[in-house]
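Here's a structure for you.
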Amino acid sequence: MGILDHTIGEEIVLKLVQIHHAEEIFQCVVKNRDHLKRYVPFAETTKEVTDTEQFIRHALEQFSLGKEIHIGIWYQLRFAGMVGANQINTALGFAEIGYWLAQDAQGKGVMTRSVLSLMDYLFVERKLNRIEIRCAVSNQASQAIPKRLCFQLEGKLRQMTQTSQGLEDVYVYGLLKKEWEQAKEHDYWQYFRNENANRWKILERDSRRS
Amino acid sequence: MGILDHTIGEEIVLKLVQIHHAEEIFQCVVKNRDHLKRYVPFAETTKEVTDTEQFIRHALEQFSLGKEIHIGIWYQLRFAGMVGANQINTALGFAEIGYWLAQDAQGKGVMTRSVLSLMDYLFVERKLNRIEIRCAVSNQASQAIPKRLCFQLEGKLRQMTQTSQGLEDVYVYGLLKKEWEQAKEHDYWQYFRNENANRWKILERDSRRS
Amino acid sequence: MGILDHTIGEEIVLKLVQIHHAEEIFQCVVKNRDHLKRYVPFAETTKEVTDTEQFIRHALEQFSLGKEIHIGIWYQLRFAGMVGANQINTALGFAEIGYWLAQDAQGKGVMTRSVLSLMDYLFVERKLNRIEIRCAVSNQASQAIPKRLCFQLEGKLRQMTQTSQGLEDVYVYGLLKKEWEQAKEHDYWQYFRNENANRWKILERDSRRS
Amino acid sequence: MGILDHTIGEEIVLKLVQIHHAEEIFQCVVKNRDHLKRYVPFAETTKEVTDTEQFIRHALEQFSLGKEIHIGIWYQLRFAGMVGANQINTALGFAEIGYWLAQDAQGKGVMTRSVLSLMDYLFVERKLNRIEIRCAVSNQASQAIPKRLCFQLEGKLRQMTQTSQGLEDVYVYGLLKKEWEQAKEHDYWQYFRNENANRWKILERDSRRS
Amino acid sequence: MGILDHTIGEEIVLKLVQIHHAEEIFQCVVKNRDHLKRYVPFAETTKEVTDTEQFIRHALEQFSLGKEIHIGIWYQLRFAGMVGANQINTALGFAEIGYWLAQDAQGKGVMTRSVLSLMDYLFVERKLNRIEIRCAVSNQASQAIPKRLCFQLEGKLRQMTQTSQGLEDVYVYGLLKKEWEQAKEHDYWQYFRNENANRWKILERDSRRS
Amino acid sequence: MGILDHTIGEEIVLKLVQIHHAEEIFQCVVKNRDHLKRYVPFAETTKEVTDTEQFIRHALEQFSLGKEIHIGIWYQLRFAGMVGANQINTALGFAEIGYWLAQDAQGKGVMTRSVLSLMDYLFVERKLNRIEIRCAVSNQASQAIPKRLCFQLEGKLRQMTQTSQGLEDVYVYGLLKKEWEQAKEHDYWQYFRNENANRWKILERDSRRS
């Protein structure tokens, strides 16, 4: 409940990260350190709550310039991850989206819905033309999001990311505004927007059966 | 529609002010200059859209430090005013709320509802204990808000504000968290929260008759 | 003796706080921690001389913008407290004065005289119109200053300050320039200005007798 | 001649851009505005020498943080263009190179040699692992550099750049350190490093004949 | 009259420069432009009051770091010039003093007394060990101050200053703390400290006769 | 080898100091602490590599403003000292040069050649008119450089430097552009520029014999 909250279905609340969220975010990173450390660089470098505060301050500073936006995700009232655009280039009409999710909030459509909400903001409110998502070649969980949301695979950048396993190639996925405008009318996307989280589980279960 | 929007009823949308709102806000100030100039100091000093941009940058900078929050109000899809807290003191658990509204959005409960939403944020999300509203002694439209929302009159500070008519005394109204917790259960407040804007007009009309 | 010193009588010297005063101020805070901690928030948070240096740097930064002024008080050649204006609003012609004094310099008229000197600066040099002093309802020592100097009680702000005893109401006292101009001609104020500190003790003794 | 100069052959001098170069760079941009405006965004926004000064200040600020480097190219004693890395990411061991050249310095191997020198700095001095060059799909002159220097084509990002003709797709070329180490021993690269500029013309003429 | 004023005799008041002095200082520079322009570089570059404001902001910023101090001189209630230390090096115990005076305040001992007061501050309050004054070889009015105050001539730096007549050599004068401690007991210095400004004229007249 | 390297003879390479040089510089300071501590103040205050990083950041910040330049000296592939100008005043056409050298690189002409290269940059690229070198009266090794390079002794500033032995007087040496233009044509200077480092040893040996 609040002036900066965005509610999706009955269980997901998105909020612009703010300094008073630091403790909650920090605890979530600590709890998920093993889960996150392969692909999320700060999972290992976040040692104290002041590290998280410093990140939030930087995030809001960049937000105040219109260059980044970082959204916290609360699932069933607990902080569960983040989705954000860490470079918004209004001159080129371009942004790159990144995200991470706590282990126990996975498999429920939380991130797909959160990314859809962020895309609404970027295409409608910020009038962008192109959104990019980058995933390590071995990170199939991350790749599932752009695949599910109709992004096109546009390239493979060699040795472009540093994982805990060493340098790895990166897939670049892109979605243009005109593609988003078509896709968002489809039943499939409407589903993510309107249905509640419980129904998601059914869908996922069904999709695994088939 | 968007990740930073907060919708009240069918006609009011609140958004954290952002740099890409500058043109819309500036045009509203220009159109309402005569209406605003007596009590809103920047109504006369805002000469170009860059003045508004500078205000927004400052507002978000302070927001990033947790010290201020400035919310734009859209009524029937057009920008119609602002509500904000221009000093949030977490050490003392205190904030002061200010607001201004375009002339053609007045008399519809827009500001009462916007202030209620901001108070939710300040008491719940920011855990404050006391909210203050200050109004020039001659500004009865502004005083109507704290009166309607059960604030107590706590003092009269002499020659504390500069209006276009010269120095004027200021009433200080205060509301404590414990008072807000009681008030928000009342039918009267529930009304503002749940009903749509059309019903407001009926209420106002009825209240004027009685 | 010095270009930034302001001498009152034979025993009081006022100086704009500067970075090389840090050690002296810090030692005074340490020695008076118990005396100050109820009403002076930084008495408990000042743990090292670098905390005091940081305060001084901030104080001078705000002074350089014309927004604050912080004056150190030396009594009988030892640092004994501070008097300052921690918000100077030239647009509104307004400032709020605050002060604290070491225990062994109390009861000698030191603070009354220091506040008078600061008021001269604010009304004459800075051309302000209104000065405000705020005191916790239980802090009678602090209230004695505005009462003695003809301020008017203008309001009681509920739960506005955090003392070591918890939240407390605050009295707001105000003095307008026109009132100051009348008062400063009175014998009573002249006395504070011209006489030396020893005579103060006699006056206080006499005033307690009557 | 100078402590920050890097000489290639007899005719090319590279220098870290500095504030006293502003006038010379500005005049070159003005003279080449038509030549540059399709692909170089600042060719149109650089209106006064202060715009160039602002760019240089920003460039050196980023250089001081180790995040960018911008090198001016002098050909036959006149300023003729720039080569730089506008994001150096030491955590990922990655940099992206960009460049532009005045019309009358084209076709002489100036940029190929300048890029080679910058690559030496990035791979050897800064110990990077991957260098990227991005070119608009229609910009064949720009693509000639990574092709000539053995970069691999890694992707095509759709609508990723804004040219004076509108949005355009972008080719991403990448070169890894291990590839650079092999390539730099080849006769072909040695040629660029050791021979003087006149010999370049012969080589180019011969290569066009074959 | 005020908390930051330092009064010498009946006619001289010294104040730390502050932002609200800008207009007064600017008018004095304008009026004395011809008188100052040969040796005071900003006499020609100060075109608008905002130039003076910018200087004051810089001066107070450096003061807040303990690295500079700039004092305004009021003579017979009108702003008449400045005296300051524009590099205070506490590690080396060293400062350099500079000054300029309006034409109609010259020949009255105003600057000699002002410099003496600043030296008190630098040697006593700031605990420095060495003070330096530099004067263009042709500027005899400026040289009169260090000569009168027992400074030693320590060197002649060739082409070290830019006057409106071109490059000129500079005399360096130095005074050590131990020399200042002896000198300040002499009758001559006592005279500057204690007597009023009218007496100065007599002394000067007498000294010219002999 | 690199875009920011300047090579002298076969054994000396000069580079603008950059943040990735910190470790190498720090180790050299540690190793030469005893050798340096008498005259180089930071030899004792540099305790950790972060101290060196902070110096480099400051150095590059000042360089980006055109106010300082700090050059690292590599001798036989190892970092061996620094030469720099720590105040470049373009308004006056003036700079002051300072330097320090590791013990095992002394006596080989390394510093004389490095200073000559820096002077080329300052007189030619930066168009300065006067260069100054200051040396403690007891520091004959340091004085050898300006003597060898035809600087004039212009003054002796008393107690101007703090050595590990206490306060000490300082010699000021100056060289004007017109003097530099004559000197650089002489055989003696040509020698430093063109010959390799081995020849230097012969010259020095010969000069000691005579």
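Labels for the chains are A, B, C, D, E and F, by order of writing; each one numbers its residues from 1.
The rule is simple: contacts are C-beta pairs under 8 Å (C-beta built on N, C-alpha and C of every residue); 3 or more make two chains touch, one makes a residue touch a chain.
Note that the structure is predicted; figures quoted are calculated from it, not measured.
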Labels of chains that are neighbours to subunit C and to subunit D: none
Shortest contact path, subunit A to subunit C, counted in steps: 2
Furthest chain, CA centroid comparison against subunit C: D
Furthest chain, CA centroid comparison against subunit A: E
Subunit B onto subunit E, rotation angle from CA fit, given as a multiple of 5 degrees: 120
Separation of mean Cα positions, subunit C and subunit B [Å, integer]: 35
Distance from the mean Cα position of subunit B to that of subunit A, given in whole angstrom: 33
Computed distance of Cα centres, subunit F from subunit A, in Å: 53
Set of subunit E residues in contact with two or more other chains: none
Chain contact graph, described as a line, ring, star, complete graph or other shape: ring
Neighbour-by-neighbour ring order, given that subunit D leads and subunit F comes next: D, F, E, C, B, A
In the complex, subunit D residues that touch subunit A: 41, 91-94, 129-130, 132, 152, 154-162, 167, 172, 174, 176
Subunit F contact footprint on subunit D (complex, rising order): 1-6, 14, 16, 18-20, 57, 60-61, 63-66, 69, 71, 90, 117-118, 120-121, 124-127
